[in-house]
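Multiple structures follow.
In what follows, chain A forms one complex with chain B and a second complex with chain C.
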Partner chain A sequence: MSSAGTSHSDKAIQAQRSGGLGELIAKRPEFVTLFLLVAICLGVTIANPAFLQASTLIDIGRASVVTGLFALGVFVVLAAGGIDVSFTAIAALTMYSITLLVQNFAPDLSIIAVFAIAVAGGVFLGVVNGYLVYSLRVPSLIVTIGTQYLFRGGLLAFIGTTWIMELPGEMGTFGRISLLEVEAVNGALISLPLYFLILPAVAVLTWWIMRRTLMGRAIFSLGGNPEVTARLGYNVKIVHLFVFGYAGALAGLAGIVHITANRLANPFDLVGTEIAVIAAVVLGGARITGGTGSVIGTMLGVLLVVVVDNVLVMVGIPSTWQRVFVGAFILLAAAFFVTRQRKFKPAK
Partner chain B sequence: MTQQDQQNRCFLELRNIHKRFGGVHALRGVDMSLEAGEVYHLLGENGCGKSTVIKIMAGAHPPSEGQIILDGEVHKELTPIQSLDFGIETVYQDLSLIPNLTVMENVALGEQLVEGHGRLLRTLDRARLKDTATKALSQVGLTVTAELLSTIVSELPLAIRQLVAIARAIACEARLVIMDEPTTSLTRREVENLIEVVSRLRSQNVAVLFVTHKLEECYRIGGHAIVFRDGLCVAQGPINNYTRADLAELMTGRQISEKRYRTAGPSTETLMALDGLEVPGRFNDVSFKLHKGEVLGITGLSDSGRNELALAIAGISPASSGSISVNGKPVRIHSAPESIKAGIGYVPEDRLSEGLFLTKSIYQNEIALILTKLANKFGILDMKKGKEIARNISEKMRLNTGDIELPVSALSGGNQQRVLIGRWLSIDPEILVLHGPTVGVDVGSKDAIYQTIQKMAEEGMGLVIVSDDLPELLQNCDRILVMNAGEVVADLNGASANEDEIYQAMLGSVQEGAA
Partner chain C sequence: MRTKDGHLTVLVALIIVLMTAGAIVSGGNYLSLFNLQSMAGQVPEIGLLAIGVMLAMSVGNGGIELSGIALANLSGVAAATLVSSHLSASADPGMFSLFFILVALAVGVLGGLLNGLLIAYLKITAILCTLGTQMFFIGLAVVLSDGRSVRVGAPGPLYEIGNGYLLEIPISFLLFIAVACAIGFVLRYTPFGLWLMLNGSNPKASEYAGFPQNKVIIATYTVSGVLSSLAGIIIAARTINVKWDYGTSYLLVAILIAVMAGVRPEGGYGRVVCVVLSAIALQMMSSMLNFMGLSNFVRDFAWGALLLGFLAIGRFRLTDFFSPQARPVTTSVQSPQARKP
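Entry: the complex of A and B
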C-alpha cells in the first residue's frame, strides 16, 4: 500500500535504532554478563595461570548444576512477572522425603524413578504456589515466603531433622558415575559426573519452551502486562500454574542432584541460597519486574556467580570477599542495564 | 444464496444487557444488533457505557443480566477466547499491546492461540507467524521490514503502536472488528489509510464498530450511528439521517450549539514572547508573541514539531537555543519547576500517565501544586484549607461530583481533564499551555472545558492550545499558528479561518510527496 504515507513512521523507527553497541546491550543484556565473566577469567588467569586447565572447568561445571537448575526455574517465574523464593524449600522437602521413602520402602528403586517422583513432588508443591498466587491475587513474593516457611517447617517438624549419611541403592551410586575423567596438574583425578548432563538438557528444554511454544510467549506476555494478556484470550490461570509448577519441578530435580552429588541428605541444606540464585538470574539480564530475560543470560549469570564463588580463592582472595564481589557485580550490572534502557525509551 | 444472506445478516445481537459495577448501573438494558459488512459508529459521552458494552462483546466482562446471541446461539456471557473464536477482534483504546513482545508476535500470535482454542501447550508455527504479521501490517500501510517485525513494541512511537494494534485486529479472519478511538494519535494520512482498510473489511463482509468522538470521521466513513446515553441505546440508524447537532443532542440530552466560544478579544499587551526557539531535528526558529487575555492555537501534523514546542515551553524537554520572555523579562526555562516559576502552567496531553495521580482523591490532585504553600513551618499540611481550595476549584470546573474525596480513577475522562486543568487554578499562572485539552473527552465536558478556557482568558490569562482538533481551535482561538516540518508556516485569524485553509498549511509540501 501507499508507502509515502508512512515515511515519517519509518524515520521514527530508524531514529530509535541507531545505537550501535548501546543498542546491542539494551537488547541483549547478557553481553554485559559475558563481558564480566571473561574479564574475571582473564584476570584470574594472569594472577594464577593454574586456573587455565581442564580440571578447573570441570569443577565449575559440577558446581553450577544445582544453582543452574534453580536459576532456570527462577528465570521462568521472573519472565512471567512473578518471583519465587520457595524453590529451595521445595528441593529440601522433596529430596529428604524421597530419600526416607526409598530407604524404608524401596531401596532398589531405580534412579530414573527417583527423579520422576522428585519432579512430580516438585510440580505438586509448585502448583500450590501458582494456585495461591492466582486465586488470592497476592504478590508472589509474599506467597512464596509463606510457602517457603510452610514447606521447610513441615519438613523439619513432621518428617525429620537427622542427616541421612548412607543413601540407599542407586541414589548412593548415581553421583559417582562419571562422564569423563581428567588428571589435574597436581596428579589428582578430577571427574565430570554424569549428572552434569541434566543442566544442559534442562537448559535446552527451557529455551525450547520459552522460545518455541505458545506457552513461552504467554509467559513473557504475562510478565509484560497481565491484564492485557487475559484480555487477549490467554488462560492466565494455566500460565500461573505452569510457571510455578515448572520451577517446582526443577527444584525437585535439583534437590536429588544435590544429595546424590554430596552423598548425604541434610534437611537443613539449600534453604538460604535463594538470594544467590535470584542474583544469578538478574545478573543474566532478566529484569525483576518481569517480561525479559533469556536462558543463555541465565546460564551466564550462574557461571558468573559460580566462578566468583569457586575461583577467587585461587588468586588469594579470601572467601569472605566473594559476597563483596557478587554484590558489586549486581549493582554494576543493574546500573548499566537501567541507564541503557532509559536511553532507549521512545521519545513521545 | 438467500439462506446464506440470512445467515450473514444480524450475526450478533445483544438483548436487554445490564451491567452493574458495585452500585453503578453502567448498562441499563441495551438492545443492539449488528449485521455483517456494515459499519457502525458507537457514539456517546464518556461514562455512557460504550466501553462497557465493547468489553461485554469482547468477553472481558460478563454482563449482569441479558443475552448475547451469536449466529442465533444464545450465550449468557462470553470468555475472551470464545469471543475471538467467533471472530470478534477489538482494538482497545489503550491498544492492549504486550510491551515486551515483538511487533510480529503482537500482531500474529492471536491467530494461533485462537486456532488451538486457547491451548498453550503447542509449538509456534513461526513461518506462519511471519506471514500473517507481514500481511496485516502492510494492510494498515506500514512498510514491513525484518527490522520492524522484530522490534519490541515498547520501543515504537505511539502512532505506530496504534497501527500495530489495528493490524492485530485484522490479522485473523474477523467477522467484527471493534475499534475504540483508533485515530487519536494518527495523522491525517494514516487516518485516510485506516478508512481504506475499513472499506476493504466491509467488502469482505466484515462488520466494523467504531467508538469515537470525532464526528467528522464518522460522516466521512458513513454507515450506521448507534447513540448511547446513560447506559441506554437511545438511537440507531444511518448516520446521514442525523446532523451533528442531532447527534450532540442525542448524546447529551440537551442542545449544544457549535458556536464560537471566543467572544472577547485579547489586549495588545505582550505577555510572552518566543524568539528563535529551537530543538534541533524537532523544530527550529520559532518566534511568536502571546498577548494578555489571548487564546492562541498551535496545530500541525503529529511530526510537525508542535508537541515538542509545547514541551519546550513547559520546560519538560527544554529548547537548546532561542529565548522566552514573560512580561518583557527574559526567563530561563530548563525544567518544569522553572517554567512554573516563570508563571507558565502546562496541562499534558496524556493526562493518565503524565498528569494525574489516579489512585489519589480529587482534592489531593487539585492541591498538588500548592503543597508548599499549605505547609506550616514544621511541614505539616493544612488540609482544611486544602480541601476548601479544592472544593472551590471543583465548583469552578463544574465537576459532576461533589465528593472531592473520590479517587480520580473513578471519574470519566472529561471530569479527569477538568481536575487536571483545575489544578492550575490553585496557583493562577499567567500563561497556561493546554496540550490536547479535549482528547477522548465527551461533548458535555468539552463544553465545560471551553467555557473555562474563555473565562480564564477574560480574566487576563494567556492560553496556548496545542491540538489537532480543528473545530476546537476555530471555536476557541484568537489566532492559530500552523506548524509544518518544524516551522511555523501560517498565522491565521481564528475568527475568519476555516478548516481547509488550515489543512493546506499543515500538509504544505508534504501533500505533494504523499500523492
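Entry: the complex of A and C
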C-alpha cells in the first residue's frame, strides 16, 4: 500500500510472474490511473515545456487540496456501496455559517478551534445523511440529492447570500502562511501554503481507517455485500453513520480550507463541483457499486482530474471543449475499468 | 401484478388541497383562467423529463437518468444552430418548425441510444454513465453555441406548440398528456412494458426467463432520450432562446416528481398517471410559493424537504392507509432485499 516507487515495481514484477498485466490491472486499477497521469504529463511537457516547472507543480498541489479532501470522503462512501452528492452543500453551509459566527461573536478564535467547529458541523450534517440513508432504505444518491437542496436552500434562504470579503482574525491570515516559496520564470513568487499539509495528513488517516481498523473492514464488506455484512454481525447502522459522518467531516474541513485559500466566503461556491470529485474517485479505480478502491488510487485520480483541468488550456484546447473532453474521459475510463474488471474477475 | 397503492388518492387529495389553499391565500386569483393556463404551460417540460426518470428507475439495475435536462438543452441548441444556418425562421416558418422538431428528436434518439448502449453492453452503472453523458451533452451544447444563448425566433407552428391554446388549454399541455397516455399504454398493454417492469423487479429472473434484457434497457433509455428532446422542443418554443444551462434545478425536480409519484427507486414499479399528477401538484406548489412572495432559495429548501418527506412516506408505506380498498395483509410484507446504502 506504500507509495514508494520501488515497491510498486517489485509488485508489478511479481504480478506479471503470477498472471500477467491484465490481472495486475484488475487487482490494482490505480496503475492505470498512474499510467494515464504520467502519459498526460509527458504529452503536455512535449507540447508545452513550460508545464514542467516548480511553479506549475505547486499550482497543481494547491488546487488539489479541496478536491482531494472531498474525494477522500467520497471514496469512503463509495467503498461502502453508497454515493454522496451533498458534500459540497455541507461544505458551503458549514464554511459560511462558521465565518458569520466567528465574525459576529468571536473574531479572535484560533484557527484550530475554527477547524474543530467545522469538522463537528460537518459530522452532524453527515450523520443526518447517514441516518436518512439507513432508515429510508432508498438509494443514497436520491437521499443526498434531497439533502443537498435542503442544506444549500437553507443556507441561501435563511443564513445569507452576500459575500464576506474580510475574513475575521486567524481565518484571514491562515491561508497566507506558506510552507515554501518558489520564484516563477516571470519573477512572480509562488508559494506552497501551509494548509497543503492537511491533505497528506487526512490521506494517511483515511488509509489507516480503511486498512488497519475493523471499521475499514466493515466498510469494504458493506460495499461488497450488505446482507452478508449484517449476518457477520457488523452493526450496519453504525457503519452508515460513520461513512457519511466521515465524508461530512472532510467536507467541513475542505470548506474552511477553501475560504482561507480564497480569502473570501462566498455562499454560492463549491456546489456544482460534485461530479468532478466523484469522477476523480472513480478514475482512481474505486467501483461505483462499492467494495473496492484505495487511498493511493483516489489521490492519483484527484491529480489526474486537476491536471486535466489545468492543462487543456496549456496544450491549446479551447475552454469551450473542456466539458466534452472531461465527459468523454469519464465514460471511456469507466468503460475501460468495467471491461477490465469483468474480464479478469476471479471465479466465484 | 399491479397492486394498487394509495399514491393516486393522496395525489388527487393533495391537488384539491392545494387548489383550495391557493384560492384562500391569493383571494381567488390562483384559480383564475390566466393562472391555471400559465401553470399548465409550465408543467410539460418538467413532466416529460420526470417520465424519462421514471422509465429509467423502473427498468432497474440501479437505473437513473441524470442527463435528461442536459440532453433537452443539447437537442434545442443543436436544432437551433443547425436549422437556422440553412433556413430562415421568418421566411419559411413551416419548414423551419418541421426541421427543428426533426433534428431535435434525432438528437434525443441518439443521446438516449448512447446511454442505453453504454449501460446495456458496456455494463457501466447508470449513475456513472448518465453523469458522464450529462457532462458530455452539456459540453457539446457549449461547443455548438459557443456558450451563448441561441435565438430560435418565433416561427408560427413552433411558437404555437409553446404558447398556443386549443379550447383554452395550452397546446404543450395537451401534447404532454398525449405522450403520457401513449407511454402509459405501452407500459400496460405491450410485452415491452411487461419486460421493462419485470426486469426492474428481478433482473436475474428476467435473464433466466429469456427476456431480451439488453434490448429492453436500450429501448428504455432511448425513449427517455426522446422525452428529453420533446422537453427541449417545448422549452425552445416557449422561451424563443435556447441556452446550454437552462433549468439546472430540473435534475432534482424530475427525480422529486418521480419519487412523489411512488415510483420505486430500486425498479419494478411506477405509474405514468401518478407522475403526471405529481408534476401538476409540484407546479401548483411552486406557483403558490410565488404567490406568497418567497424566494427561489426557499423553494429549493422546500423541494429538498419534500423529497425526503415523500421518501419517508414511501418507506413506511403511509399511503396504504389512504388506499381505497383494504389490502390483504400478506402483500404489505416487504420482500427481503439486499440493502445498499
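Remarks
Just so it is clear, the second predicted complex is superposed on the first by the 325 of 348 C-alpha atoms of A that agree within 3 Å, B and C clash if a C-alpha of one lies under 4 Å from a C-alpha of the other, contacts with A are read in each partner's own complex, and residues count from 1 in each chain.
Criterion: contacts are C-beta pairs under 8 Å (C-beta built on N, C-alpha and C of every residue); 3 or more make two chains touch, one makes a residue touch a chain.
Predicted, not measured: the structure shown is a model, and the values here were computed from it.
In the superposed model, A:N235 lies in contact with chain B only, and not with chain C. Contacts of A:T67 after superposition: neither chain B nor chain C is touched. Of the two partner chains, chain C is the only one that A:T161 touches; chain B does not reach it. Of the two partner chains placed by superposition, chain B and chain C are both touched by A:N225. More residues of chain A are in touch with C than with the other of chain B and chain C.
In the superposition on chain A, contact is made by A:T292 with chain B only, not with chain C. Look at A:L214: by the touch rule set out above, it reaches chain B but stays clear of chain C. When both complexes are overlaid on chain A, the residue A:T206 reaches neither chain B nor chain C. In the superposition on the C-alpha atoms of chain A, the part of chain A touched by chain B in one complex and by chain C in the other spans residues 225.
Interface of chain A with chain B (complex): residues 1-10, 12-13, 16-17, 27, 212-215, 217-218, 220-221, 223-225, 228-235, 238-239, 242, 291-292, 344-348. Chain B meets chain A in the complex at residues 58-60, 79-81, 83-84, 92, 94, 96-101, 105, 109-110, 112-114, 116, 118-124, 126, 138-139, 141-143, 147-148, 151-152, 154-160, 163, 187, 189-190, 192-193, 196, 303, 307, 350, 513-515. The residues of chain C lying in touch with chain A in their complex are 62, 64, 118, 122-125, 127-129, 131-140, 142-143, 146-147, 251-252, 255-256, 259, 265-266, 295, 297-305, 307-308, 311-312, 314-315, 338-341.
Interface residues of chain A, counted against chain C in their complex, comprise 77, 80-83, 132-143, 145-154, 156-158, 161, 222, 225-227, 236, 240, 243, 275, 278-279, 282, 288-290, 320-328, 330-331, 334-335, 338-339, 342.
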